[in-house]
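Here chain A shows up in two complexes: once beside chain B, once beside chain C.
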Partner chain A sequence: MKNWLDKMPKRMNWTDYFEKAPHLWPDIAGRWPGFIQAAKEKAAAETARKGFPHARLEAWRKTPLNQWRTAAVEPAGVSRRVSDGRLFPAATIHIPLTNGIPVATWHEENSISFGRLSEAVQQMPEVVKQYFGGLQRLSDDAMTDFNTAYFKDGLFVYVPEGTGKVRLEWTNLIDAATAHLWNGRMLVIVEPDNEVEMAGTDIAEGEAISIGTRVAEIFVQRASTFRFYGWQQLNDVSALVGHYFMQAADEARIDGFNFPLNGGLLREEVWADITGSGARVNLHGFYAPAGDQQTDERIFVAHGAEGSFSHQQFKGLIDGRAKALFNGRILVRPGAQQTNAYQKNDNILLSDEARAHSLPFLEIYADDVSCSHGSTTGSLNGEALFYMQQRGLAPELAQRLMLYGYADEVIGEIPDEELQALTRRLVRAKIDGRLSSETDIFALVREEILSPVE
Partner chain B sequence: MKDKQAYQDEILNEVTERDYQFGFESNIETETFPKGLNEDIIRRISAVRDEPDWVLEFRLKAFRAWQKMTPPTWPHLKLPDINFQDLIYYARPKPRKKPNSLDEVDPEILDIYNRLGIPLEEQKALAGVAVDAVLDSVSVKTTFQEELRKQGIIFCPISDAIRDYPDLVRKYLGSVVPYSDNFYAALNSAVFTDGSFVFVPKGVHSPMELSSYFRINARGTGQFERTLVIVEEGGYVSYLEGCTAPQRDENQLHAAVVELIAHKDAEIKYSTVQNWYPGDKEGKGGIFNFVTKRGICLGDRSKISWTQVETGSAITWKYPSTILKGDDSVAEFYSVAVTNNYQQADTGTKMIHIGRNTRSTIISKGISAGHSQNTYRGQVHVKKSAVGARNYSVCDSLLMGDKCGAHTFPYIDIENRHATVEHEATTSKISDDQLFYLQQRGLDEESAVNMIVNGYAKEVLRQLPMEFAVEAQKLLEISLEGSVG
Partner chain C sequence: MNKQKPLLEIKDLHAAIGDKEILKGVNLRIYPGEVHAVMGPNGTGKSTLAYVLTGREGYEVTRGEVWFNGKNLLEMSPDERALEGLFLSFQYPVEIPGVSMTNFMKAAIDAKRKYHGLEPIKPGEFLRMYREKQDMLGLPERIRNRAVNEGFSGGEKKRNEIFQLAMLEPLLAILDETDSGLDIDALRAVAEGVNRLRRPDNAFLVITHYQRLLNHIVPDYVHIMHDGRIVRSGDKNLALELEEKGYEELARQNA
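Then we have the complex of A and B:
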């Protein structure tokens, strides 16, 4: 199959990709079935029309992309390199990705199907057609159009009704040996009555700039549970802008945990669209940017059915010249009565140059609801620190203990004990300054399992 | 000048000698400019008011900036297209011999005023309240001025201040809200016609509440007040602003600018009760209220406190803000915003912490009913220099009915690690348990709701001066009438 991206100039600025999208589009033709072609064509036009996100846009005001805007990057090709690193020991399915694309070919295992999206359109065209692009329209961010126009391939996972418990993990190896642009895509369909856990790690290899976008569409159908865990470990000149669209049908449950570890910009935008009554969505995150890193957590939960529940819990620790943004949004659509929604965001600043932005939004169009949020920003509790020092702990240790406890409020919510312990190690290493962008997190986890520092 | 004084006295008599006909379009002939806005109109506004050149320059600079600006699109408001060239930017009342009879007043409106119990006579009678009645664009007369003068306090229409205290006005006008601050502030800076000027000298504690009653009059004109309050070191003033408006079909634009300056150890308390015509039950008519209010705690240990009860206007766009520049300065924002029928409000505050150990408190209570949309939007910005800054914000929203919306958009931007910022918000309806309990004690549903709403708003209402608090409480009840059941 001819790779259309090969025809493009070897290197371009990220902004050029935006402006040239419609001109490059004819090169994309011929690869995908009509409905995806049409979506790509439309997205290419939208990408050019909207242009590269500028600082006057509400969604990008606090996220300067200057560092990447003019970075000359070439489209990531197909890499043979694979990471066998794993963080989810209980997973029975492991899917290595490079630059967002599954390395292995189509797979069917215990009625579950997974593989490349380009294979899925051959294997189960009706399913792809029914779901592809169905959630993306929730956002009008140009980045999602950009991704749609440019994605080469992606991950497809299909769990048919009544499969039961499924645990899978993907490890995405990002090629940062030279400056690259990659665009990952995911389509996950969880049919009724399943319990799916998915862990995903993004790791960059190399010291060059990598710019990545991801659009994931995840359908969680009636009475199914979908639980996901994310870790991102990039170098400090790389950026990842991810959009995760999820739909929760009747009595469905979504639990999410995100732990941005390292990266120049780690931006996650989650849209949980609750369309079924009695659905529950719990989203958690802990971020600890340091140096010149920035993390963005943009969490949008839309309640569109009666009697649904959502909880957002995001905590951050900001050091160096780093910046963290939390923009939580609860939307209660008209008629979504008996909604119960809560969001909580806490930030601790550890240095004089650190900055935190907290934007906990509520948008409520139904009256019989209970919605609330809380946000705190500050430094560590001086009295508690004093108390611990007064009990004989060195100041540094006292501070560390407090930060551990602070992070544990999020980590402790992870139901899987093994995952909990492992995440705790990663986060504590980051708090201690032992987890930089050069750290091999898989090795770190292995080492620490052998010699825990409790 | 003698003529002007006589003219002002005549108008004052007219206004004060009769029942205060709130909601009644006072049939005072107006000298009105043609519709539209251009440099000529601005020159005419300035000329008719005998302004010095620097004011005209300020206006023209603002106008030129405004021409390049567009109205903000970020508010959670459905704004009609306002043709700014289809408005009259200047109207001045002319004296007329006899007021018309009460029969011409919309009885519904009269009824509301009677129930509010706020005729001007009564206001005058309330001890210690000085009234600066603003009829349309020219301030008519300031009472109690002599007494204030003894203390060295200046309280007069801003036009008089420009004439009598040009250095003071020139020093502070536009110092907190620059002429190019935003679309509506630029418009105001170009065409402002009146508003109040308050100056409290060093060490003086104003012996009375200063009160200004604003009214909108004359069909098709907008009002563009400019208020400037300056309190020097150690001084104190409490300023009250209240508004009523006649019922009418035409939408009216209102774009005011208020600037507060608090020097070292000074305190300014600024209270507003706003009940302009909100439009009818179908959402027709009503005032568009685009206000820029900002104060600066310039000196150490200064304090600015905003209290607002917003029940009126079809559209409210208003964020009374404080820049906490002086070390240890304090700012407060207390707000109750009620929207009913088809009203839309996007209101809140900004607290900009610059000085060390600055403290701010935000208490916002929103109540939405009918088909209305009620938004709290507020920013807490702790700058890098604001070591030890503290902010505490509570934003609660109450929903009455399933056709309305309540929204909370806080922006918390922290650049100093020695700051402590806490924000919490809740949105819910009146709890069935509370209603049941009160009804079970013998209250009908409406009284029960009123009692709960008053309890809900009390934290804010009690910040108001006494006479305002009473009025405001009644206002809440009237504003929410018909939204129960």
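Then we have the complex of A and C:
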């Protein structure tokens, strides 16, 4: 699979990659087996047909990409840089990625297999063939086609039935030494009766523009739990557009926590497809864009079986000229009776120029269901501030306590106490203005553990 | 006459919200150890007086002076006033999601200690005091360490105000309609709590609509407020007279 990238033009605008995708065939085909090559070829055609996302598309209406559409970037090459930074102390498996691709080679450990997707197609061809591309069709976003056309490799994780508790962490180093484009891919298969926790950090090193796309497909089978945690720490000229497709089978449980820290545009789109009865999906996030940053949380939960449950809890704190988008959608398919689904989004604006867009959407095709949603956007509660000041707290302290408390409503939902404490430190640092895009978050966490707050 | 210096001295206080003048010349003097009650119908400026004294935004003092413990109260920020020893038991206590009562109280006590040049309170000592005061006020178990006022019933919120009063030991506590929305048992519990907190060096200003709270917290002085002024002052019997005759009658007598 060596260096198909070399044949491509050194640098192009991001939009050009969309238009030229079919013409770059067979360069972008790589040495993948037929079914992946076919998917890539089709995706290249779709990428060009749909073109670069524009503001008239509902999915991109509130997300201007102007800053990146004409950015000249080259495809990410092979980087030797690795991050050994870690945020999930309980993880027994640590997988460093660079520009979305695992650094180490194929690994089998206590029946779990993980490594590069390009190795998985050799090691477990049937498994990859069965699952690859099975979920991404939920979205027709050109970004997912783009990712499919251009991805070079990705992360593959396979947890066979009855393995039990698995805790793993990946740290994706985005080598932002030069302006580049990277496309990460993930395929995670959690077979029945497992409890898998996966933490992932995206971290950019360097000051150049990086544009990243990610398509993750995660299958959570019968009576398994999949819990994921995400933190993103990019520079302010970089963008990351991630699609996370997940499928929950009978009695499966998915818990997600996302904490965008810094980055020009951090966009997370989660598709939770509930296909099994009694499945539970809980998705949480706390975002705090400042300056000119933008965060997008697009959360789609589809209930397709009886007696399933979902909860979306997303809160934001928006400062400076920053923008935040929450687009939460609940779909109850015909026949998905006894669905329980609810959704809550709150935004606090800390400046006059900060913007929050909260777009809830419920689509219900079954009659015996319980669904609700709520959304608030406002400034800090002045009454509460006065109340606290009346007890002797200086306004800055009162505000900080309130904002800490506000964020804690999300952070407090994290079941792992260590992870909870550590996320609290990161988020509080961001609230206090001590966590910029230049901050070494791993050092910050280490430092704060040595001198704990409170 | 009282030979001490007054704890609070209000001289000809006028205050407005926007163009609307609410307080039209209030005069009041409170000495340490006293309990004063301010009574009056709705809209006469009782709560406005409480908010002006504590420095809430949106009220403009247009004339007059307020001296608290020898200092010019109106020059201080709301938190400074609190640190100097002024406490308001809110008519409508605010819910603060995500901020636990313990963290809130610890921060408040430490702010006060810092203001007086003391080190932060030791966690063990704090918790002992926290439990002791909760026991003293018979705070229900379910509200003992929740987020501030979150999910509390009306009565629980009022009790929680008195609990904070007990924790912060202010020089002057203003109780703004603390009796509203309380059933008789809760009313008695709140009143008992207040009575236990009475000391020779502190004072209370009880704002109330009805006389019934004053059966339990017996005032030294009762003031009747009407149209932004204190129109009559007397001892506790004035409250009883008021209960009998009503505000209209008393106001007419005064005019």
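Some observations on this one:
Keep in mind that, in the parts below, the second predicted complex is superposed on the first by the 451 of 454 C-alpha atoms of A that agree within 3 Å, B and C clash if a C-alpha of one lies under 4 Å from a C-alpha of the other, contacts with A are read in each partner's own complex, and residues count from 1 in each chain.
Here is the rule we use: contacts are C-beta pairs under 8 Å (C-beta built on N, C-alpha and C of every residue); 3 or more make two chains touch, one makes a residue touch a chain.
Computed from a prediction, not measured in an experiment: that's the story for all the values here.
After alignment on the shared chain A, the placement of chain B and chain C results in a side-by-side fit free of clashes.
Applying the stated contact rule after C-alpha superposition, one finds that A:407 touches chain C and leaves chain B untouched. Contact with chain C, but none with chain B, is seen for A:384 once the two complexes are overlaid on the shared chain.
For the superposed model, the angle subtended at the Cα centre of chain A by chain B and chain C works out to 70 degrees in steps of 10. Of the two partner chains placed by superposition, A:193 touches none, neither chain B nor chain C. In the superposed model, more residues of chain A are touched by B than by the other of chain B and chain C. Once chain A of one complex is fitted onto chain A of the other, the partner contacts of A:374 are limited to chain B, with no touch recorded for chain C. By the touch criterion stated above, A:335 is placed in contact with chain B alone, chain C being left untouched. In the superposition on chain A, A:359 makes contact with chain B only, not with chain C.
Taking every C-alpha of chain B against every C-alpha of chain C after the fit on chain A, the minimum distance is 14 Å.
Of all residues in chain A, those touching chain C in their complex are 381-384, 386-395, 397-398, 401-402, 404-409, 412, 454. Within the complex, the chain B residues that touch chain A are 74, 76, 384, 397, 399-429. On the side of chain C, the complex with chain A involves touching residues 54, 56-57, 77-79, 81-83, 87-88, 90, 93-100, 103-104, 107-108, 111-112, 115, 147, 164, 168.
Those residues of chain A whose C-beta lies close enough to touch chain B in the complex are 58, 62, 334-335, 337, 347, 349-352, 354-379.
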